[in-house]
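Chain lettering (A, B, C, D, E, F, G and H) follows the sequence in which the chains are written, and residue indices restart at 1 in each chain.
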Amino acid sequence: ERSGVPEAILASEKTAADVAALAATAIETTGRAIVTRADRDQVAAVRDRLDAVAPAATLAHHPAARTLVAHAPTFDPPRLDATVAIATGGTADRGPATEASLIAREMGARIRLIEDVGVASLARTVDAADRLRDADVVIVAAGREGALPTVIAGLIDSPVIGLPIAAGYGRGGEGEAALDGLLQSCTALSVVNVDAGFTAGVQAGLIARSIDAARGA
Amino acid sequence: ERSGVPEAILASEKTAADVAALAATAIETTGRAIVTRADRDQVAAVRDRLDAVAPAATLAHHPAARTLVAHAPTFDPPRLDATVAIATGGTADRGPATEASLIAREMGARIRLIEDVGVASLARTVDAADRLRDADVVIVAAGREGALPTVIAGLIDSPVIGLPIAAGYGRGGEGEAALDGLLQSCTALSVVNVDAGFTAGVQAGLIARSIDAARGA
Amino acid sequence: ERSGVPEAILASEKTAADVAALAATAIETTGRAIVTRADRDQVAAVRDRLDAVAPAATLAHHPAARTLVAHAPTFDPPRLDATVAIATGGTADRGPATEASLIAREMGARIRLIEDVGVASLARTVDAADRLRDADVVIVAAGREGALPTVIAGLIDSPVIGLPIAAGYGRGGEGEAALDGLLQSCTALSVVNVDAGFTAGVQAGLIARSIDAARGA
Amino acid sequence: ERSGVPEAILASEKTAADVAALAATAIETTGRAIVTRADRDQVAAVRDRLDAVAPAATLAHHPAARTLVAHAPTFDPPRLDATVAIATGGTADRGPATEASLIAREMGARIRLIEDVGVASLARTVDAADRLRDADVVIVAAGREGALPTVIAGLIDSPVIGLPIAAGYGRGGEGEAALDGLLQSCTALSVVNVDAGFTAGVQAGLIARSIDAARGA
Amino acid sequence: ERSGVPEAILASEKTAADVAALAATAIETTGRAIVTRADRDQVAAVRDRLDAVAPAATLAHHPAARTLVAHAPTFDPPRLDATVAIATGGTADRGPATEASLIAREMGARIRLIEDVGVASLARTVDAADRLRDADVVIVAAGREGALPTVIAGLIDSPVIGLPIAAGYGRGGEGEAALDGLLQSCTALSVVNVDAGFTAGVQAGLIARSIDAARGA
Amino acid sequence: ERSGVPEAILASEKTAADVAALAATAIETTGRAIVTRADRDQVAAVRDRLDAVAPAATLAHHPAARTLVAHAPTFDPPRLDATVAIATGGTADRGPATEASLIAREMGARIRLIEDVGVASLARTVDAADRLRDADVVIVAAGREGALPTVIAGLIDSPVIGLPIAAGYGRGGEGEAALDGLLQSCTALSVVNVDAGFTAGVQAGLIARSIDAARGA
Amino acid sequence: ERSGVPEAILASEKTAADVAALAATAIETTGRAIVTRADRDQVAAVRDRLDAVAPAATLAHHPAARTLVAHAPTFDPPRLDATVAIATGGTADRGPATEASLIAREMGARIRLIEDVGVASLARTVDAADRLRDADVVIVAAGREGALPTVIAGLIDSPVIGLPIAAGYGRGGEGEAALDGLLQSCTALSVVNVDAGFTAGVQAGLIARSIDAARGA
Amino acid sequence: ERSGVPEAILASEKTAADVAALAATAIETTGRAIVTRADRDQVAAVRDRLDAVAPAATLAHHPAARTLVAHAPTFDPPRLDATVAIATGGTADRGPATEASLIAREMGARIRLIEDVGVASLARTVDAADRLRDADVVIVAAGREGALPTVIAGLIDSPVIGLPIAAGYGRGGEGEAALDGLLQSCTALSVVNVDAGFTAGVQAGLIARSIDAARGA
């Protein structure tokens, strides 16, 4: 199986008890547990369970990202010589953007997060591009019409992964306008599904791993 | 009925003979005939018919816009003290953009056309915005992901009408990604249907008429 | 950036605390705070916060429009010599229509609201058109099949902005039938997204500003 | 099986030879052959075949409606004491409207056809409603945004059947905007599929038959 | 305006207070109040209000149909010499079918309701057709794949109105498979929107009125 | 890999030369070549090629099914003690139904084909069910609203595979209404994609193989 | 009517009281009651009712499958000499997979359930195929992209029924991507609707019955 | 603007003359011309024009990929120390896969193309994964249900870009099932639009450039 992709428990399809049990197994066997798309009850169940089976573990819950990361004291996190940057258009993009950054960080990448640089304030977008330019790979999150990844990809040379966000209302407001816009982007980029912060984070992490390996070579 | 909106014959649903007959009637009763979305056969039929019934008329055919405009010598075109600007992202947007400009011109507006300023070359987009700023109303045509109207509307104060173009392929490639993106635009603008250059031109022309009237007051 | 478009906080993607903080900042820096698509909790949080930081501000909450407008005593509202009219088909259209009227009023336009003139009672529609005729720009809100903007645009000369409403059930009942109908309208008009009262209000306000400027010239 | 509904051969799914054979059988067994949605080749094949097997038959081809009706000399057409009216918005609606009228006429109804009364010229629409009022059942054909059936149904007391037409372009232009608008109509009416003139004609004919029977009672 | 179509208040887009006020006005001005798609709170509000303003009125609430009908003692209900039959495939169709029957009854038609005759038990379907045959117009409600109206329309001569029901799950389960199936029906019928019992009832009632008039002639 | 499923060349995505080469390889290595969804040019190319490389082969082309089957003289066709029946609603269903029957026959099943038994003539449908009852597995092809498989599955005990056909026009006319109706069927059946005669034939053939094996046991 | 398909009450469209009454009737007349898609209240109502009318019945509730099966002591369950296997990609598929297994078991089939063998761990998928190979018919449940049924069908000879699951998020996340993927599968299989465990179970059970009969012959 | 992304002329929206003129300009200014999605006429026009203006240029036309690449003798192609692999499921995927490989090669990457390894023959898929494992980035093209990229991404550690192909028929057959399946993939990958070989090639090329730079460091 694929190495380097951290096991993560997608909570949204499971009972709180199932999630807690899977998290316990994960920390016992790999020294780490990552839970994504978790609601309040699932987080509480995981906390209780890990308190019991792994009381020495550190546990970080990121409510906006609905993500929980636990490390056993013995866990030795990977560390890559490569940077993943994440840019967002506005506060509505924060949840999946944070989820992406957490996953890429767990894969060992250095993280740079640049928020609120949507194209409605184009000067700030252009400024942001300058700070994104030297990252090894860039995730750009955007809801509504999803113009931000297209604009940034036109300004920098690194590969850009577009992360469409379900923010909006009316036709296309569930992230579909943003997704379709990214698929049609007139600047070349690749795309993940709506709100798929996990997928964007893994893909960016895999690219970072390749670059780290190349740097080490 | 609405005054100031020029009668136009939408050719696409009619036989060449029907279109020619309608054009003949139009030039006889109003001194002008406008035919939109006309194919080669329909244009030829109109030409033949107008040669017969109105040999002194001037006739201009714009193939890219599939539009034909004929004026009887007696026709006194309206003239408005107001400017409609039209911007395009690339050459694929030229047809409907030209159709819009022709209609607004027939309504009497001054026209300014600024082409090939898509967001993939952002510096050119920003330059274009400077030249669009003092127009009274701006139509922005864009296919693919349709980011251009959003970016321009964020840079200028005039009302912007987004004109989505059926240029692209794959999901959303028939203009639907552009249309949905404009409906979700994070900068406020209003929208017409895909390739609806006629509608964009009329709406811009009506705004130009109001401004002309206000200037004259 | 665009001048003349009032900053408004789109509440639906934010926590009550975030909305309140943004409203406080807005009133402190611009003398005004506008919050749209706000639920009960968000309104309460804003009220509490503004009571604390700007006790002298006037605060108006419009529940049907889910919109809240606060003015500091020092705020000097713009005033335009131009009229925006808003017509609705029935009571289900009231929320977004009111939102549109509030935004256009904040931009300084005179407002005329004409309600319950749907085409099922055509005589009332025709009467309404008479009262809409001398407005500088007209927003027409309509749900269900969305016939009202088409009929009114055929009766008056001012530019019409169609505002489709999510009222109905069965196929197309979430405002999609109305939106598609407006995009296909056989009388020329421009369109905003479903329930996008804010966008319609801004676009009408921008046109009103241009006319006001032309009148002043 | 259902009596009173004329057998019709839906040509669009068949070879010219198959259509011709079915038409020959129909005229031999029932004294009548009706072929709908027939292209040029299919019509020619039917003509040739009927010339051979039923040289005395009268044969009427209606190209706009793509419909062909043949009667053997012995055929005794039904005659109903009831009127079906058909109204259209514009010339693009003529094909399916004619198909509907032909089918209802074959069922024996008196036919009244009122064309080009779309809502963009509302005075003509209102005039038409006066001439439709005393029909026993009214089919209203409309493409684009499909507002006409809604407006007419609000003005008259007879049952209205909405017939959406595939005329338009951009989103909803294949008759889908018209169909969805009719399904959402704020005045009560029933609907058939896009361009389904045959179905509209049969349904109107069945109502006419019931009324004829009631008149005779 | 249309006579003979009873005023009905569509509750789903209104506050309980608005619905109650409209019902009070209706009973005072017309002697009757009909409220459709009403939830528990709206029904309670109407009850309270009518108890106050029209204590002598009779009030019938049909929870499955979410419909409420009130008659003032002076109200003189219409009575037509014509029968509307309503057939259903199963218990999931009962709500909109009952709504349709109530509306047609308020228009004066005799009502015949035949339930649970879905095509999975074809012998029962065929039996039902025998009992539907002499009705003047037949509404057939069906969810899931919506085969029932097609089968019944093939067995009887009266006009059939298909009423698709939002019963099912998975693709097409919100009534869309049934609606599309009815639009494609290989036996001719007309259609209303998903769950549109009101519309089906009015259309059947209008046909019944025409037949009643013809019988009386 | 799967045994018992005949290799078939899906022509529609290939050049005529490629198809011919693949067919030559197939007959040389397996003694049989099956080509599906082949147009006229592809069939001619295969014919020419097989004439050259396998002049003794028998070659059968079924134009309605767009399918071609060639057997080398040495080919020993499988023979199963099991029957696959295929029923169709009308002539428009013939192509994919024939394709299904050819594939199941190549897998060795006995074939029974029963045509033109659509539900518009319900008595014929019921008769057909009697002749389908003792088949081991039944494929039912249906276009338009796709009611036929549902009705037949309610009348017989054998497993039914629904094969939706792209016959119709207007909404759902490309086989989508039939497919969705089959997915929602109130009698249990399984389904293949629109016009997927090949898939239906293989699935029926696999069931026939299991039954043959069980009979032999 | 169809024999061998157990009557099942689809609870999701009914009140708890209706479901309980139907279950009581079922156990009294057939010795068995099966309720599917039942929520907590409906299960409680059935329990109470069966305790009253059939206190000796055994009652099994499967919460994940939302299914309840009750047998009267006199009920003699069918027993078939045939095996239905059910495979799942992950825990999110468990509910409909269990529902399918329960229905097939009630029809008398032997059941083999193989869980958590999704293609992300391909070695486990291949192992599972070995254990599925000798089943008479195989149901494969899969959400997300639905690749598992395609992969398994390529590895075994038994007929495969694909059961798409509504697990996922973003575009296609309600089971639509899985359903469409199964309809397009490059290995031949048949399909049921999203989450339609009941339908998959019945279809598998019918095939098992045919094989049992063949074995007995 | 972005450096390292080769200018390419998207022919599909342009006249043959426009394409030829753009190609001439490109070769004169950059020493290279790349034309994508070009039809026969456009290729001929480019050939003629380049023969005239750049007779010494080498010109390679790849009909399957509809792509044309011309290099002036002075053109110094980039060369990267990084490998892009491209895998396909079958011959139908060849066109866009080749387009992707050409673009990545023009960016300087080493190319490895592995064809016909679709999951219907899983052993070949697994073999292919072994040969893909040491590539720096892998593009996997797949039509139909699009399972191949998911399976390969589960077997290797390099980043995978899914390229959905418009091969198939029936629902989802225009590449939509493949695209949605890739967006829902249970193994992490990023995606481009249907048939977007150009975009996949650029994205892979950008990653290859970063890795080349890291290797050089």
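The criterion applied here is as follows: a residue touches a chain if its C-beta (ideal position, glycine included) is under 8 Å from a C-beta of that chain, and two chains touch if they have at least 3 such contacts.
A quick note: this is a predicted structure, and the numbers were derived from the prediction, not measured.
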{"item": "Any chain that touches subunit E and subunit B", "value": "C, D"}
{"item": "Option in D-E, E-G or C-D whose residue-number contact pairs overlap C-E by over half", "value": "E-G"}
{"item": "Pair joined by more contacting C-beta pairs (C-D or A-C)", "value": "C-D"}
{"item": "Centre distance in Å when subunit E and subunit F are each reduced to the mean of their C-alpha atoms", "value": "43"}
{"item": "Chain centre separation (subunit A, subunit F; CA means) in Å", "value": "47"}
{"item": "Distance between chain centroids, defined by C-alpha means - subunit B, subunit D (Å)", "value": "36"}
{"item": "Sites on subunit H at which at least two other chains make contact", "value": "1, 90, 120-122, 154-155, 170-173, 176, 179, 183-185, 187, 193, 196"}
{"item": "Pairs of chains satisfying the touch condition", "value": "A-B, A-C, A-G, A-H, B-C, B-D, B-H, C-D, C-E, D-E, D-F, E-F, E-G, F-G, F-H, G-H"}
{"item": "Subunit C partner contacts - residues on subunit A that touch it in the complex", "value": "90-92, 120-123, 143, 167, 169-173"}
{"item": "Touch list for subunit D against partner subunit C, complex", "value": "89-90, 118-122, 126, 144-147, 150-151, 154-155, 168, 170-173, 176-178, 180-187"}
{"item": "Complex contacts: residues of subunit B adjacent to subunit D", "value": "1, 12-14, 18, 37, 166, 175-176, 179, 193-196"}
{"item": "In the complex with subunit G, residue positions of subunit F that touch it", "value": "1-5, 82, 136-137, 153-159, 161, 179, 183-185, 187-193, 196, 198-200, 202-203, 206-207, 209-212, 214-215, 217"}
